[in-house]
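Across the two complexes that follow, chain A remains constant while its partner is chain B and subsequently chain C.
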Partner chain A sequence: MSGLRFGYGINRPRAIDIDSNDLRKSNEILREMPELQTCIGCGSCTASCTAGNLTEFNFRRVHTLVRRGEYRSAYEEMNKCMLCGKCRLVCPRGINTRGVAMLIKRKLGDF
Partner chain B sequence: MTFFAPFTIPFIIGGAIMAAVLLAKYTLWAVRLPREDKRLIRRNILSFKSLAALWEVVRESLLHVRIFRVNPVLGYMHSSLALGWLLLIAVGWIETVAYLGLRWVPLQGHVFFKYFMPVNGITQHKAGFELAMDLLLAVVLSGVALAWIKRMRSRIMGLRRTTKHVLFDRIALSALWFVFPLRYLAESVTCAIYGGGSFLTGSTGSLLASHLDAETLAAVYEPLWWCYSIALGIFFSTMPFSRYMHIFTEIPLIFLRRYRLAPGIEPKSYDHFEVEACSRCGICIDPCQLQSVLGIDEVQSVYFLRDRRYNMLQLSVANNCLMCGRCQTKCPVGINLNTLRLNSRSRMRNIPNEGRFNYLSGIDRSSGEGRTGYFAGCMTMLTPRTLSAMDTIFRAAGDDIWHADRDGGVCCGRPLMLSGETTAARKMIEYNTDLFRRHGITRLVTSCPICLRVFREEYALDGIEVMHHSEYIRMMIAEGRLQMRRTDMRYTYHDPCELGRGCGIYDQPREVIAAVGELVEPAHNRRDALCCGASLANTVIDDSQQMRIAREMTGELEATGAGTIVTSCPLCYKTIKRAAGTETKDISEVVAENIFQP
Partner chain C sequence: MKPKVVIAGGGAAGMAVALRLERLGVEPVIVEREERLGGKVRGWHKLFPTFTPAAEVLDPLVAQIGRRGIECRTGAAVEALSEHGVKLASGQTIEADAVVVATGFTLFDARRKEEYGYGIYDNVVTSADLERMMNEGAVRLADGSTPRRIALLHCVGSRDEKVCQRHCSKVCCITGVKQAIELKKMFPEADVFNFYMDIRMFGAGYEELYREAQQSYNIHFVRGRISEASPMINGRIQIKAEDTLTGRPLRMSIDMLVLLAGMRANDDNAALAASAGLALAPNGFMQSADPFLGAVRSPRRGIFYAGAVTAPKSLADTLAEASLTADAVMDYLNSVQR
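Then we have the complex of A and B:
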């Protein structure tokens, strides 16, 4: 593999305003999958990601933004996921990441 | 001669409801079968397959041979009820013919013949028939008694747990429990008044006659026949809506299965036959590790099929299954439990999205040249020791290898399929098939049983020999291209679900291990092997629950006293490695370490 990317690139500076974001969906997701709150943001899920190896898809970024109430294009991004399950095997917190991926799509998609 | 009495009305109504509903259901299902299924039926119906199916009906729907294998008492309970009841009907039919000659008698005339005998002035009893009917009734009653005992103490019949039933089942079940005791009582009272009967109804009859006066007997006579008829009526009218639908549905199912009909990854009409052939016997509950280790109820195949049948299936139930297939190997009806669950998931989760995975086009990360392709699989990327062991093996065997995914490939599609996203999985299947074709390989080796299964079942790879690396290694040893050095190591082997029950590969890995050292088997192996718990099919249980299942399983592997645990699936490998204290290796590592090079 040509260099592992843990999902820490340089983004344009911006602020996430938790007060103005609608956290309803985020709260629903965290209620169904409370273990996601134990995420330490290490980025191992992104580094091992099959889809992330082929595209700019960054699972760490998607689920971190979703937790902060930033849902824009999260569903479309999540659809790049192949559900292969490597992220679950490498997660140091033992988070059910495949469950998270499916849950994000269920909550933020149109089904 | 008269063959009508008011008390027969509940029976007639119940019977009519049952016949109408059964006819409607079967006709609807048959009409809605897809065209290719209908073609299969037309092609096979006039072949020996029909005879084979008929024999299977006798063995499974009447004798219940497969249940006998699970537990003899449980088998006797089922066959005494099924075969006993059928013989009661058949011998009863012959009995009426023996008394009345060949003439038309309405259905209730046959069923309640004991009642209509004195009504029509038949007083001379044929002792042989009385004995035969009493004998059969005794057999059926013993089955009913066992059913009562099973409800109270299921362990006697080898079941730790029995099924929890829904309301319709409880009504039908209660009616069935009372049908035969009521028949016994009604016939006994008839014998007390009019004579006849044999060791069972006859002797109970004379006992009643000696203790009760004629007035009391006459007072309970009609009500008892009413009760018997009502119990039959309730049973027949609830039967098509309850678990007892299996009694008749298993017969068309056996025929259709012999005609090579099978469920697929998309739901279709044939599935009805499988879903409603489930008798909810609950044999699938005990093998389930979610039940035995984690104590999770209400998700096992019996409950899944029940929920699906009554349209109350929840995603959380459909998703909470390891799809290890242990229950499927035990199912006495032979229902394709995993495939049905898969296509339920696909109905609940499959969102066709044409643009999805468009990023795959033009990607080719493959490397190397050769007729043999190696598709390591996503999971194998996380077990680099397997990768380097396979390199050593390929080099030692002198095979030129084209690596499909060494620098990152595209998933095989099975994980998406397991989650019900079949349309999306198709994109992966198309991508990979195209990749394999473009590089002109004639053999495809994979280290991941999950990939192997989907390559074999869903890919159209004619002309490409698809094999698991354990098969490849065994073939290379047999051809003399790999020579093994024998050691005095003791190994134990874990059968991965997808490789064993999924692809039927049990012997090849064992032969490979036996070429290197001694192989000791764990308590559960081959078709009965335990799941490691990390199955991709389950997205509900959490990490600690997965590890509890894993520890239970590795406990058995370690109890063999072997120095090394061997497996041949990267997912099992990683799970065992976490749960076990013993050294764990992939089969390729064991081989690579012990290649004999003169």
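Then we have the complex of A and C:
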């Protein structure tokens, strides 16, 4: 069937639906590292990120999506992180961003 | 004989100016449209960023006005004014040596943002409604139950050309943070979401409270304006927004929507300004003579401003400004008497 292409398909809805998302993992992550909630979305982490400068990886976006219960491909995305910790050096809120990256991988590894 | 100064408005600004002037040897007369002194603060429960009960600030002011024997004309609206006094709606005039305009602001009518359903759906309330509910002792949904998910929307009637309110109302951001914390304290099991455009934490201790709301109370801040609220078959409210930090549309059902209503200019500012040859700022608030050295003076000698009549202000700013106003009035009175 995959050989047949009629030029159209069905898109998944793009909207984040908080009602249907399972927020348990997200809540667990925030319980373990409540400081993640203090993110002000400045993008310093992404700007300083080596992986983000070479690939599509956007750490700020991934952890924001995880907080909304959007876990799809978050684990794979986080694997792009080389855990160098530069993001942690620049975070103005003092968030242990490297720890966040590891926590997301730990929590979502079996997702 | 003591010089006499009429103060239009018996809210926090007017009372603070009157008390200061009285101590400086002036005879102040407060003209207040409502039957009681206190203005908007009277409807407030607790004040940001310290959660100080509003009554702890207001009651001493009202008590001092009484103790110092300051004349108050309540239930009387000022219709026209000049540097020589005011004319009341009743037709009566009060002559004076100077006039202070401290008539404050008007709360934005959230019904004008029809897409949020205020006045149409149950459980869509304004920040002012929430304060009233807290004053009455209980925040409950229309059916008497407790909310499990609450959203607060910033900038309702602020920074919005669609309702002719381009200005920032300044205090709603911190009010939203304060009320989110209060709601979380009342309902620890509930999820609280603040939908914001920018978070403007301009005052001492505000940013710290914002951070506390995030870190200690797990309040979720989503950057994006709610586009609409609609009723669901189960009585809840569905809201839609863009989560602009992820670039994705977002929707969720909630039990209660709190609209952080802005401060807009009084409708009668134009008439008052016209009666005395004063100027209005583009947003309808009264225009000061100069934003730096003449913030409490009008362009007209003998007419002064105090409080939120010139721009949205916090209570702390208003009380601080009242002393400046009294000072400027004294300078003027001294200059014309000699």
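Going forward, the second predicted complex is superposed on the first by the 96 of 111 C-alpha atoms of A that agree within 3 Å, B and C clash if a C-alpha of one lies under 4 Å from a C-alpha of the other, contacts with A are read in each partner's own complex, and residues count from 1 in each chain.
Just so we're on the same page, a contact is a pair of C-beta atoms (placed from the backbone, for glycine too) under 8 Å apart; a residue touches a chain by one contact, two chains touch by 3 or more.
Keep in mind it's a predicted model, so treat the numbers as computed, not measured.
If you put the two complexes together on chain A, you find that chain B and chain C both fit without a clash.
In the superposition on chain A, A:16 contacts chain C only, with no contact to chain B. When both complexes are overlaid on chain A, the residue A:55 reaches chain B alone and has no touch with chain C. Once chain A of one complex is fitted onto chain A of the other, the partner contacts of A:45 are absent, as it touches neither chain B nor chain C. Applying the stated contact rule after C-alpha superposition, one finds that A:87 touches neither chain B nor chain C.
Legend: residue contacts after superposition of the two complexes on their common chain; A:35 is shown touching both chain B and chain C. When the shared chain is aligned, no partner comes close enough to touch A:108: not chain B, not chain C. Shared-chain residue A:98: touches chain B; no touch with chain C. For the pair chain B and chain C, the minimum alpha-carbon spacing after aligning on chain A is 13 Å.
Chain A residues in contact with chain B (one complex) as well as with chain C (other complex) are 35. For chain B in complex with chain A, the residues that touch the partner chain are 349, 351, 353, 356-357, 359-360, 363, 365, 378-379, 381-382, 407-411, 413, 415-416, 419, 421, 424, 428, 534, 536, 539-544, 571, 574.
The touching residues of chain C, counted against chain A in their complex, run 199, 211, 214-216, 218-220, 223, 240, 243, 245-253. Contacts from chain A toward chain C in the complex involve residues 14-19, 30, 34-35, 37-38, 40-41, 60-61, 64-65, 67-68, 70, 93. The residues of chain A lying in touch with chain B in their complex are 1-2, 35, 48, 50, 53-55, 79-80, 82-86, 89-90, 94-96, 98-99, 102, 109, 111.
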